[in-house]
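If you scroll down you'll find the structure; I have some questions about it.
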Amino acid sequence: MLIEVEHLTVSFPAESGWRDVVRDVSFSVGKERLGIVGESGSGKSLTARALLRLLPTGHRWSAERLRFEDIDLLRADEAALTRLRGRRVGLVLQDPRFSLNPVMTAGQQIAETWRTHKGGSRRDARSAAIDLLRQMRIGDPERVADAYPHELSGGLGQRVMIAMMLAPDPDLLIADEPTSALDAAVQVEILRLLDDLVARRGMGLVLISHDLPMVSRHCDRIIVMRAGQIVEEVPAGGLAEARHPYTRGLLRCLPSLLHPRARLPSLRDTSGWPAS
Amino acid sequence: MSKRVARLAGSAASLPITLFGLVLTTFLIGRVIPIDPVIAIAGDHAPEAVVAHVRQELGLDRPLLVQFTIYCRHLLQGDLGSSVMTSHPVVQDLAHFFPATLELATTAILVASLVGIPVGVFAAARQGSRFDHAVRIVATASQSMPIFVLGLGSLLIFYVKLGVAPGPGQVDVAYDGLVDGPTGMLVLDAALQGEWDVFRDAAAHLAQPALLLAAFSFAVIARMTRSFMLEALAGEYITTARAKGLSRTRILWRHAFGNIKVPLVTLLALAYANLLEGAVVTESVFGWPGLGRYLTISLLNADMNAVLGATLVVGVIYLGLNRFADVAARLLDPRTR
Amino acid sequence: MSRHYQAWLLAAHPRSRRQAAWGRRYRIWLQFQSDRAAMVALAAIAVLIAVCAGAPLLGLQDPAVQVLTMRVAPPSGDHWLGTDELGRDMLARLVYGGRATLGLTTTILLLVAPTGLLIGAFAGFTGGVIDQVLMRVTDVFLAFPRLVLALAFVAALKPGIGGAIGATALTSWPLYARLARAETLKIRHSDFIAAIRLTGAGSVRIVLHHIVPLCLPSIIVRAALDGGGVMLTIATLGFLGMGVQPPVPEWGAMIATSRDLILQQWWVPVFPGSLVFLTVLSFTVIGDVLRDALDPKWAGRC
C-alpha cells in the first residue's frame, strides 16, 4: 500500500466556530490509479493536501492513521516530511500560471527538483531537465526550458509541472484538477500522457477532478466525495452499478449522445444525503 | 493601435512635462506668490540701488510670461541667481553642499536596507510570532516619532551625557579643510587619500545622523518587505515548492524573496528619495553642511533664490529617483520585458 | 446595543440598501473594536481633540503669561506640569499648543481629503483633457518631497499659521486626488454605472451619488494613515520656525525653543515631543486597523 489514511478530518475556522470540510475520510491507494470525484467544496483538494501535510495555515486536521508505505506521517517531523515530498510523492496543481514560479525559467525549476533529490552538477541537472521535457512529448525542449512560465501555453505549462514532479522518480503522483484550466483538446493529450508515464514508471496515481466521465476513463477505481465525506467507492468499470443516490444522480445528469433528452435532470437535495 | 501609441507617447512625454511643471512651480512660488518678490530676493536690508538693479534684471516690470521666459533662459544657462546669504551663485552653493547630503543619505539607505530587508523577511517567515509583533511595533513607533525629537535626544544622550559620540558638524574643527577630495564626501575622500585620522573623525561624525535617518528608512523598508513577502508566500508556487521537498531556507529566499526583488527595488528608490525630506531636519539638528541645512538657513534668511534653487534641485532628484524606480521595475520583471 | 438592533444590522439577508449599508458599517466597527490597540488609539485622539477644543472652558492658566522668576520650574501644585523657559505654565502651553498642532492637522485633513476626492473622482470619470491636466498637475506636486515643497511655499507666503496651512494643504491634496482617480477608473466602465447612465442620470449625479461613496473607504483609510504625516509636517515646520509664530504655542515650536534644556529640565521639550509621538502613533494605528477592516486582502499583512 502506498498510502493508507483512516478517519481524516480537516476543519477551518469560520465565523460560527470550526467548520469540518473533510469528515472522517478513509481510503487507501496502491500502485493503481485512483480517482477522487466531487463538486467544488466537496473537500477533495484538501484531502490531497492533507496527505502531504501541506494544508494552508489556520487549518486544523486529525486522523487515526496516515501512512506512506512504511513512514508514519502522523508522527513525522518537518525534516522527514521534506524528505518524503518530491522524492516519493509528487503533486501537480491546477493552473501552471500560478503554480509555477514566475521569475524562474521552466528549465531552472525542473533542474532544481532534480538536483535537490538526486544531486549532481548544474549541467547534469539541465540535461536531465531537457530530457524530461522530451519525455513529455515536447518537440523543442531547449526553447521551453529557457522560457518563463508566462510565456508558455496552459498545456506546455502543465507538461513542465509534470516533468518537474516526475524528476525525482516518485512512487506516487497526486494530480489535483490537472486539466481543469486547459482546453478540451489539450486535456485529452495531457491525460493520455499521464496514463503513459504512470504505466511506464510503475507509479501510483491519485487523480482529483469534478469531471466524472474523465475520471472513469483514466482510473482503475473511483471515490465519490460530497460535503467532505466519501459517499461511494467503486471500480471504474462498475459505475453503472453504483448504489448511492448522489452518484446515481451525477450519472443521470451526464448528457449522452446515445440517449438524447430534451431536458437534463438536476440534482436535488433529498434526505438520506449527508447534511452540509 | 493609435490608443497604444497615445499611451506610450503620454508616458514618454510626461517626464519633460513634469520637469516643466517643476520649473513653473518654483517660478510661481518665487515671483507670483510673494507680495514683493524683489525684497524676497534682494533681502530686507538691500540698498535702493540693489533693489532697482534686481528689479530690472528680473524684468519685474514686464508681463509675467516674459518674466517666465527670462527665468527659463537663466535656468538653461545654469544660472539660478545669487544667494543673498553667501553672495555666491546658488548653483555653486548647491554643488558645494550636495555631496554631504549624498554621503548622509547613501550611508543611511545602505544601513537601513542591510538591516531592514532581512528583518522583514524573517518577520514574514514567522508571521504572528513574538519577533513579528516586535518588528511591527518597532517599525510603527519609529515612523511615528518626529525626527527632530529623536535627533535631539540622541545628540544629548550620546554626545553630552555619555560623551561617546562627537558633536554636530561633519568633522572636528581641528581637521577642517585638511581633506579636499574629489568626491566631496569626506569619509570617502579621507579614505582615498589615506588620511586615517580625518577618516576616523569624519566617520564618527557621520554615524549619528546617518543612523538616525536609517532608523526611519528601516521602518518603511522592514514593514514593506514583510508585506511583500507575506503576499509572495501566499502564492500557489510556494505550495509547489513545498511539495517538491525543498528546504525552508531555499523556499524563503530563492522562491519567495526572488519574487519580490522588483517591488523591493522600487521601494528602495522611493525610500532613498524620501530620505531627502528627512535630511532637511536631520541636517538642521546635527549641523550637517548639506543641502537640507542650506535650505533651512536660506529660509530663515528669506533668501529666495537659494530656497527656490534648492527646492528645484531636490524636486529634480526626487523626480529622477521615482522615474528610475519605474524603469528599473520594468526592466527587472521578466513578465514585462 | 439592544438585541433587536444588533440582529437587524447583522442579518445575513438584508432587505433594503439602508440595512445592508448600516450592517456593513457595523461589521467594520465590530472588527475595529476587536483590536485593543486601535481602541486605545481612538480614545487617545478623541480625548486629545476634546481637551484641545474645549481649552477655554477648562479653567487653565493663561499660556502667554510669563513669570520670569519661575522659569523652568519642576511640576508643582501651582503648575501641574511645571513651567517653560519663560515661566509660562506648561500644562496650558501643551493644551493650547495642541489646539495649534492637532487643530491644524485635523483642519487640513478635513479640507484636503474631500477636495482631493471630488477633484480626483470628477477628473477620473470625465477623462480626456481634464484628466490629463489633473495627472500632470498632481505629478508636479508629487514630484517634490512634501516637507521641501511646504518650506518653499512658506518662504513665499511668510511664516505663520496661514502659510503653514496653505503649504501643507497644497502638498497633501494630490495624494487624495490620485487615489480617488485610481478608484474611479476601476469602476468607470462597469455595468452598473452604464445602467445608471441609461436611467438618465447626469455625470454630476453619477459621480456624487455612486462613485464618491465607493471611493470613500480608501480615502478614509488614507486620511487616517496620512494624519500622522500631516502632523509631522506641521510640527517640523514649527520646529524650523516656519509655522505658527511665537507667542502662540505649538508643539513643534515648543521643542525648538527648549532644545538646550533637554538635559536638566527635560520635561520642557519632552512633553510636547511625546504628545506629537503619541498622536502620530495613534493615527497610524487607527489607519492600519481601518485598512485591515475595509480591505480584507491586507489583513495581517502590514
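Order as written gives the chain letters A, B and C; numbering starts at 1 within each chain.
We take it that contacts are C-beta pairs under 8 Å (C-beta built on N, C-alpha and C of every residue); 3 or more make two chains touch, one makes a residue touch a chain.
In this text, all values refer to a predicted model and were calculated from it rather than measured experimentally.
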Interface ranked first by C-beta contact pairs: B-C
Chain of greatest Cα-centre distance to chain C: A
Cα-centroid distance, chain B relative to chain C, in whole angstrom: 24
Between chain B and chain A, distance of the C-alpha-averaged centres to the nearest whole Å: 52
List of chain A residues in touch with chain B within their complex: 49, 52, 54, 78, 82-87, 90-91, 93, 95, 98-104, 112-113, 116-117, 148, 150, 161, 164-165, 168
Touching residues on chain B, where the partner in the complex is chain A: 235-237, 239-248, 254-255, 258-259, 261, 333-335
Sites on chain C touched by chain B in the complex: 132, 135-137, 139-141, 143-149, 151-158, 228, 232, 235-236, 239-242, 252, 255-256, 259, 262-263, 269, 273, 276-277, 280-281, 284-285, 288, 300-302
Complex interface listing, chain B residues touching chain C: 10, 14, 17-18, 21-22, 24-26, 29-30, 33-34, 40, 127-128, 140-141, 143-149, 152-153, 156, 160-161, 223, 226-227, 230-231, 273-274, 276-277, 280-281, 284, 295-296, 298-300, 302, 304, 307-308, 310-311, 314-315, 318-319, 322
